[in-house]
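Two complexes come next, and they have one chain in common, subunit A, joined by subunit B in the first and subunit C in the second.
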Partner chain A sequence: MIKALHIEFLKIKRSKLLILATFLPLFAALQGGLFAVDMKGKEEDLWHFVYLGAMTQFSWFIFPLLITIILSIIARIEHHHDGWKQLFSLPVERENVYFSKLLIGFALIIYSVIVYTVGLIIAGISVGADSSIPYDMIVQRPFLVIVASLPIIAIQFYVSMRFSHVGVPLMVGIGLALPSMLIANSAKYWIYYPWTYPITSALTDTFGPLGKAEIMYTVCGLSFVVITAIGLIQFRTKDII
Partner chain B sequence: MKLVQLIGTELSKQKRSFLWLFLFIIPLGTTGAMLLDMVIRYDDYLFPNAQENGISSWEMLINENHGVLSWGLFLPVFVAVISAFIHQNESKVDNWKNLLSLPVTRGSVLLSKYLIILVFGWLLVLFNALGLILVGKLTGFPESVSFELFGRYVLFQFISLLAIAAIQNLLNVIMKNPIFPVVVAFVGMIVSGILMYQHQQIGKFFPFLYPYIAGDLGKFGFNPDIAISGGLIYGAIVFMVGLFVFNKKDIV
Partner chain C sequence: MSNYLIETNGLIKSFGNFKAVNGIDLKVPKGEIYGFLGPNGAGKSTTIRMLLGLIKPTQGMVQLFGRPLKSNRLDILKKVGSMVESPSYYGHLSAYENLNITRKILELPKSEVDRVLQVVRLTEVKDKLVKKFSLGMKQRLGIAQALLGNPELLLLDEPTNGLDPSGIHEIRDLIKRLPFETGMTVLVSSHILSEVELIADQVGVIQKGEMIFQGTLQDLRVKGSSTLIIDANPMERALVHIEQMGYTVQVRDGRLYIPEQTVDPAEMNKKLVMNNISVRHLSEHRDTLEEIFLSITREDLKR
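On to the complex of A and B.
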């Protein structure tokens, strides 16, 4: 497994994935900074506005689309020029390949959230927010968004591995992100739409899980396990000819 | 080989493609989301609010679709996905070699791809608009459908896509990995979100914002005519740049 992980790491080492995972979240942090600048002089708690300005875009489409792009690229490395054939001609376990790709994807997703939180802190300091950084909001909640995004990660990973056509995971990821903010506004229906989970977990003042936090996080954990297991079963029996 | 035949070839490549699914699923999703929006908020909030602002229910629906649902912001990314589908065959198996070994000019190959991206993009816009009309009918808007309003809404988006399709076509020719042109459109969408709120003067020159401006019925104060002039100018310039790049492209 360690060897498989190392191989996957080598594959992405010289790809543009790291650049994307670094710069895309910074756009959200920039947005937060600009929003807080507008509020300067009018409001006291600038950290709140840095967070709000950044997180609205980050949780709605930047993070879900970043997940889509990262996982699509990781899977495409093998889909391109039928790399699966070459990979499986080596003495590697399919399970190890599957999980190493998922883990590398996770590592990049977590890395992008770390970059995002650092970006938020820099944005807050730059706009002159007070010296006590609210870590529970600026650091803790972005990581909670990762947990809330587990169903999206599982679905995107499944679709990326299942379909060789790169348009399919992009279509799913972008298409389903579009109505998420609108559906998150519905107190009744948001729970049925996993693309709203990052929004409700991040923007708790505006949306909030409305007493359904336990259900939401249970759905996140369960759906991740079930979809990943289905993906693994299909991957083990995948015909690569 | 004539341009019409090339377009036919491009269409036949998409015959059993997921692109058709994309064309129907996305507008179906926006129709569903708008219907949900109307079911939840029309009677209590959206209709009284529209009356207060002196706009019809149909204008309000377009505002909801374009601004609240953010159809206008996402549209460039959808066109980027369409472009990725259109260029998939060439990028996946390096089919440029086979295509250009046929008696075709490079210009007509590029133009056929551009036109196909445009046609699919236009279909997406059209289906979205038809979905909106259906939503209005199902909700029971008291006003009759304003075909002038919808015609203008659709036409302005069509023209704004001239620029986006040209940019994506060019990017797909330059970049080997078809995901990266989509990433560019994604970054364009993020930057559009920043420009439309905070830097509207710069936004007028940013092509990824044109599909949004095309449907702006006054909410953010853009003049939709910018989308017309911008779409035409960027479309023509970027296509010519694409032609130059494609003619110089080394296809080994």
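On to the complex of A and C.
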């Protein structure tokens, strides 16, 4: 498995994934900084506005977009030029390939969140927010967003592995992320639409899980396990044509 | 245990109602070069993919190295090098990096990469990104990849596709050397007989998913017919004489054609001359392998 991970890492070495996973979160953090600059003098708690300004961008679109791109490129490396047939002609276990790709995807997603929190801290300090950094908001919350994004990660990974054309996962990922802010405003329906979960978990003050936090995180965990398992079963028995 | 390195029994693969491979018994002897022939779409690639476990057979058995593939896939694949149809590669990586990935999977020493690069003569461009390679170079990279670790069995699907004549020659020489130098068993597929005619010991011909011939090239040659062509004067008397001898004769373009395999040309000549017929031309035409191949694949189409 470690060997499989190392090999997956070699494959993404020259792709633009790392650059993307660095700059997209920094862009969101920058938005937060700019938002806080506007509030300077008017409001006391600048950290809050750095967070709010950045999170409205990040949770709604930038993070789902990042997930979509990372996972589709990891799968595309094989889809492109028929890599699957060569890979599976070698002595490798299909499930090892499946999980190492998922893990590499996770590693990149977590990396991008680390960059994001560092970006938030830098943004906060540079706009002159007070010296005590509210770690529970700036650091903890973004990682909670990862948990809330588990269904998106599972769905995107499934679609990316399943369809050889990279357009399919990109369309699904972007297409479903776009209306999420609207649906998140619906107190009744948001729970049925996983693309609202990162927004809800990040901006609880604005939307709030309304007592549905437990349901939401249960759905996250369960759907991730189920979708990943279905994907694996299909992947193991798929004919490579 | 049999001496066959690859053996399949009643191999069937259907896609819906369509049987891409229909009951193939492939028998590839150890240490030989086996030419797997058939027109495009006959089921060659599907068969090769089943040999590698890429496609699950609908029915039938695949045995490699005398063991069922199904239960020994990983152990078997360690000893198999392959290139299926167009070469696969990671375009954003260099040739060296591509081979290095396969090397790591096979747990081979680093020197193996340099060795196979040398074999296919890509050493000078090893740091170039593969997406910038020409088709011929990609093909050679695919073969290099298949040769990593000197596998005991090499499966090459249309390895000379897209190569120029000198490239074809080079690959052919390379394949021919392998069984001598390393004892490797090689299966090469092609839709052109002349490509494998010069290198293969055994051939299997498939058509519409069925094996229509399997054996040595010599056996295949026997399947061809020979025709005796005679130009004699006077033609009419020659015709009558030959028919009296019990042969069927066709007259075409002012010549006599005897499509019979048992005619002795010298005897025929003697008889005609002794009957005061002057023989201006007498020749024997044997079907080339290509003609035999075309005729058996065509015959099958008519069914």
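By our rule, the second predicted complex is superposed on the first by the 241 of 241 C-alpha atoms of A that agree within 3 Å, B and C clash if a C-alpha of one lies under 4 Å from a C-alpha of the other, contacts with A are read in each partner's own complex, and residues count from 1 in each chain.
Keep in mind that, in the parts below, contacts are C-beta pairs under 8 Å (C-beta built on N, C-alpha and C of every residue); 3 or more make two chains touch, one makes a residue touch a chain.
The model shown is predicted, which means the values in this text are computed figures rather than measured ones.
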item	value
Side-by-side fit of subunit B and subunit C on subunit A, or clash	fit
First (subunit B), second (subunit C), both or neither touched by A:S72	first
Subunit B versus subunit C as contact partner of A:H165, first or second or both or neither	first
Partner chain(s) touched by A:E93 [first = subunit B, second = subunit C, both, neither]	second
Contacts of A:D130 with subunit B and subunit C, given as first, second, both or neither	neither
Touch count on subunit A, higher of subunit B and subunit C	B
Subunit B versus subunit C as contact partner of A:T237, first or second or both or neither	second
Touched partner set for A:I62, first subunit B, second subunit C, both or neither	first
Touching partner for A:H80 - first (subunit B), second (subunit C), both, neither	both
Touching partner for A:H6 - first (subunit B), second (subunit C), both, neither	second
C-alpha centroid angle, subunit C to subunit B via subunit A, nearest 10°	80
Closest Cα approach, subunit C to subunit B, once both complexes are overlaid on chain A (Å)	7
Footprint overlap on subunit A, where subunit B in one structure and subunit C in the other make contact	80
Subunit A contact footprint on subunit C (complex, rising order)	49, 52-56, 73-75, 77-78, 80, 82-93, 97, 100-102, 104-106, 145
In the complex with subunit B, residue positions of subunit A that touch it	16, 20, 24, 27-28, 30-31, 34, 38, 57, 61-62, 65, 69, 72-73, 76, 80, 163, 165-168, 170-171, 174-176, 178-179, 181-183, 185-186, 188-189
Complex contact set, residues of subunit B against subunit A	17-19, 21-22, 25-26, 29-30, 32-33, 36-37, 40, 68-71, 74, 77-78, 81, 84-85, 88, 92, 177-180, 182-183, 186-187, 189-191, 193-194, 198
Interfacial residue positions of subunit A with respect to subunit C in the complex	3, 6-7, 10-11, 13-15, 77, 80-93, 237, 239-241
